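The same subunit A turns up in both complexes below, where it pairs with subunit B and then with subunit C.
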Partner chain A sequence: MSAPRTYDRPVAIVSWASFETPSEPARNEVEMLLPVLQDALGRVGMTQRDIGFTVSGSSDYLQGFPFAFVGALDAVGPWPPIRESHVEMDGAFALYEAVEVLQHGDVDTALVYAFARPSRGELDRTLSIQLDPYAVAPLWPDARGLAGLQAQAMRDSGRFGDVPDVPPTTVADGAAALVLAVGDRATALTKTPVWIRGMDHRIEPASLGVRDLTTSPSVETAAGNVGVKDVDAAWLHVLYPHQELLLRSALGLNGARVDAKAGPMMVGGLERFAAAAAGISSGGAKRAVVHATSGPCLQQNLVALLEGVA
Partner chain B sequence: MSEPVTIVETPIRLDFSYTPGVNASRFLRSIEQGRILGQRCPRCQKVYMPPRGACSMCGVATDEEVELSGKGTVTTFCVTRVPSPGLVPPYVSAWIRLDGADITSMFLIQECEPEEVRLGMRVEAVWVEESERKPNLGNIKYFRPTGEPDAPYDDYKDYV
Partner chain C sequence: MPGLVREAAKRALDDAGMTWADIDAVVIGKAPDMFEGVMMPELFLADALGATGKPMMRVHTAGSVGGSTAIAASHLVASGAHRRVLVVCFEKQSESNATWALSIRLPFTGGNVTGAGGYFAPVIRAYMRRANAPDHIGIKVAVKDRLNALKNPYAHLNLPDISEEQVRESPMLWDPIRYLETCPSSDGACAIVLADEDTANAAPNPPAWIHGTAWRSEPTMGAGRDVVNPHAGRDCAKDLYSQAGITDPRRDIDCAEVYVPFSWYEPMWMENLGFTDEGAGWKMVDDGSTSLDGDLPVNPSGGVLSSNPIGASGLIRFAESALQVRGMAGEHQVDGARRALGHAYGGGAQFFAMWIVGSEQP
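Coming up: the complex of A and B.
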């Protein structure tokens, strides 16, 4: 294993905001997102004009509306034209793109956001669409059912003690936004920047049949590449309780305080970064690992190492 | 056995309930009452119709409501001569800038020959009967010429 990568241009989370509700009754995505974006920018006295790169994570399948992510730009105000990107994944993976773009050297700030309103559809069925479209998706295995296969495999392995039952898939609506800044720009914007020391994401095969669902080589690899050790806290993106056991084991967390949560699909991972930034900037943690996941049974995993002011 | 499989049919259906949002709801309720309510951006002063609750250029909430008259100007149009479901060719679709609005909307133009439709033509909304009105833009059946003199080019040159 090579030495953990270090960033030439250190990136910090300087502001964040998030919103979550079991079911947003009346507002649409733009109306839900707008106050979250303005909150995140406003806390550090910024507007969209001060942002060098904007990137979002969401899935049109959750809204049942083609190019919903383009409509969401109404909440951003992309005029004069902005530099912008989107990933059809959890916002945590958009954050990864932002950190890479900030390494280029031409922009010093980034806005990352995520939004979703899965309460208006059938989340368990919708998530089936991300499976192999020929041999698996037509069988409509729902997300909770697949999680159940993983929990049972863990139970059968005998390596995890009591493995909890799989509750219904978390359905929640919400949005999250983070403001990033590089080096001196970050320290000028806040007294308590939360530095992203490392970040990696790895994917496992799409076919569930070829995976050992009781291990998470993608988390282990990403954590190794990031250099996760000596952390005093962990913010984990856990869609079903049994996954926390697997993540604790793959990350080797030992005595670290763990905060595990699902959150709204496509938002929950980015919200973990917001929660970690809040915990670290307030002094509640010094060095923390943050995890985000996408896909069935922890197929894709992102691991980051965050640190407060030394 | 040796025949390759060339097509696999895997029917997929997902059901969603669509929510227009708080601002679009206010607009749709106004349409139900035979009124057209736009919204003004507090920053750039542009009036949106239909309103979506945020200025898509400034990224700020549009709270101020502006009632529009239902008259407007044709900024560009298309004559369609092939059949389309529910429409008898030839028919005219036009982008219309409603008086007081800063974006254009697409409507049909009727009660005149397609050859008479032109840029700058003044038109007005024709509504369905009050008893048939629902909260959707189908309440406006089409636009028809008002007979007023054409709008000067400067009035709509930014929308052509």
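Coming up: the complex of A and C.
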């Protein structure tokens, strides 16, 4: 394996905000997102006009009609017109795109956000629509049921000790936003930038039958590429408790303090970056790994290495 | 769906002299998931695209997504993250009713299920009035693009008998947009391989070099917004031309693949893209400038009016512009094309993505 890549232009998280509630009854996506964006920008004295690139993550199926990101963009106030893109993925993957765009050299700052209101539907059933539409989805296996297969496979392997039962799928509404800046711009914006030292993500096949659900080759590859070692803390995106055991093993987390959480679907991964940034900037951790996941049974995983001021 | 995307990807790999193993990352784009009824279909398509063990990203920026996907992927190469990135966009419109999926309810509006045509018809009316454009311009574009499509084996529509009379007599769908002035609902996919300098120089076929990329977004609604000649489109073109060193787009660009889902959008985008003065776009159509033998051939491939797998339509514009400067466009090749524009727009014309490709390395 080659040495972990180092960024030509170091990127730091300089601000963040997030909001989460079991069920947001009244406000729509734009109304829910607006204070989160204003909070994240306001903490570093910025407005949208100071942002070079804006990118978001969301899913139409959680909104219940097409073009969720289009309406949400009103929360940003994209006027005059902005450089902007969107991934139909967890916001953590939007963060990955922003870090790459910042390597380009033409922009120095980025705003990344994610939002979702899954409480309005039946999340367990909605996630069935992610499965192979020809062979699997018509059987409507729900997300919790698939997680149960994974937990049982882990139990059967005998490698994980006591494997917890699978609780109901976490349903939460919320939003998260992060502000990124490059090099000197980051240090000018905050005394405690949280540097992104590396990021990588990998996907596995959708068919559960061809995967060994008790291992996570995608996490292992991504962690190897990023160079995850000697971390003192980990913020993991864990949708069901048994997945924490699997991730601890795949990431080789020996003594590191672990903070594991699901969060709102599509927001949860990005929220892990916000939580890690908060933990690191306050001095609670020096060097940490952050993880985000997507798809059934940890199909797609993103791993990042974050560091505070040396 | 897996067959659709894999066929396009395989042909792009063959063109690049590569196998699946040569690809470092896959970036996939498509318009709303509800068109096919699969949430985040990249998850189940990972296998068909040889993405196992690789990074895979999914872009969705409405109709501009094909362009945005190529731009997002180009950043992965430019940043040094990867050397060879497979970019795939698709739509399988036959799985659903696009007009329903495109009839979203905006705040304070009724849901009248008129689709994209219903949204854009009043905008076109506004253009016609503002520019004093004669009625036949849209008809001319509709005929020109369908004649161009006859030279493109991958075009969906094949209408050898197309004539101005036939377009004029076709049913009025959303006044002033007639049936034959609108795009079809298509199934399709498009794939390209983006690579770094060394890989491109070693490729078996001539590469198209990216001279610039730009994207811009503006609000769906707003008091300052000009939906006929959007600020975001003008800014996007300006940024793009400055990256590519283009001072006079009409002179410096040899041909353009422009996102024209309704015939009238050709003259409108000619103005927005700075190829002519505001109010004069329709004259470029009328005097034949945008025909295959004109001074700025627009949509030699037949354009969106001849094939519209929505999520792929933008990438098809980008890929067709690349084919032109590679000299590989076959029967619809523009002679001596050295620099070409690929253009995509989406939503209510508030999202734009564009690139300039050239036969020469910048």
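One rule holds for everything that comes next: the second predicted complex is superposed on the first by the 310 of 310 C-alpha atoms of A that agree within 3 Å, B and C clash if a C-alpha of one lies under 4 Å from a C-alpha of the other, contacts with A are read in each partner's own complex, and residues count from 1 in each chain.
Rule of thumb we're sticking to: a residue touches a chain if its C-beta (ideal position, glycine included) is under 8 Å from a C-beta of that chain, and two chains touch if they have at least 3 such contacts.
Keep in mind it's a predicted model, so treat the numbers as computed, not measured.
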Could you say whether A:T126 touches subunit B, subunit C, both of them, or neither, answering first, second, both or neither? both
Who does A:L37 touch here: subunit B (first), subunit C (second), both, or neither? first
In the superposition, subunit B vs subunit C on subunit A residues touched: C
Can A:F65 be said to touch subunit B (first), subunit C (second), both, or neither? both
If you stack the two complexes on chain A, which partner ends up touching A:Q300: first (subunit B), second (subunit C), both, or neither? second
Considering only the touch criterion stated at the top, classify A:Q48 as touching first (subunit B), second (subunit C), both, or neither. first
Partner chain in contact with A:A75 - subunit B first, subunit C second, else both or neither: first
Scan A:V258 for contacts with subunit B and subunit C and give back first, second, both or neither. neither
Now for A:A26: first (subunit B), second (subunit C), both, or neither, which partner does it touch? first
What residues on subunit A does subunit C touch that subunit B touches too? 61, 65, 71, 73-74, 77-79, 126, 129, 133, 137
Over in the complex, which subunit A residues touch subunit C? Could you list them? 5, 8, 54, 59-61, 65-67, 69-71, 73-74, 77-89, 93, 96-97, 100-101, 103-104, 126-127, 129-133, 137, 200-207, 217-218, 221, 294-296, 299-300
Looking at the complex, which residues from subunit C come into contact with subunit A? 1, 31-34, 36-47, 51-62, 68, 71-72, 75-76, 78-81, 101-102, 104-107, 214-220, 222, 224-225, 230-232, 235-236, 347, 350-351
Which of the residues in subunit B come into contact with subunit A in the complex? 8, 10-12, 14-25, 52-61
Subunit B partner, complex, touching residues on subunit A are 26-28, 30-31, 34, 37, 48, 61, 63-65, 71, 73-79, 117, 120-122, 125-126, 129, 133-134, 137-138
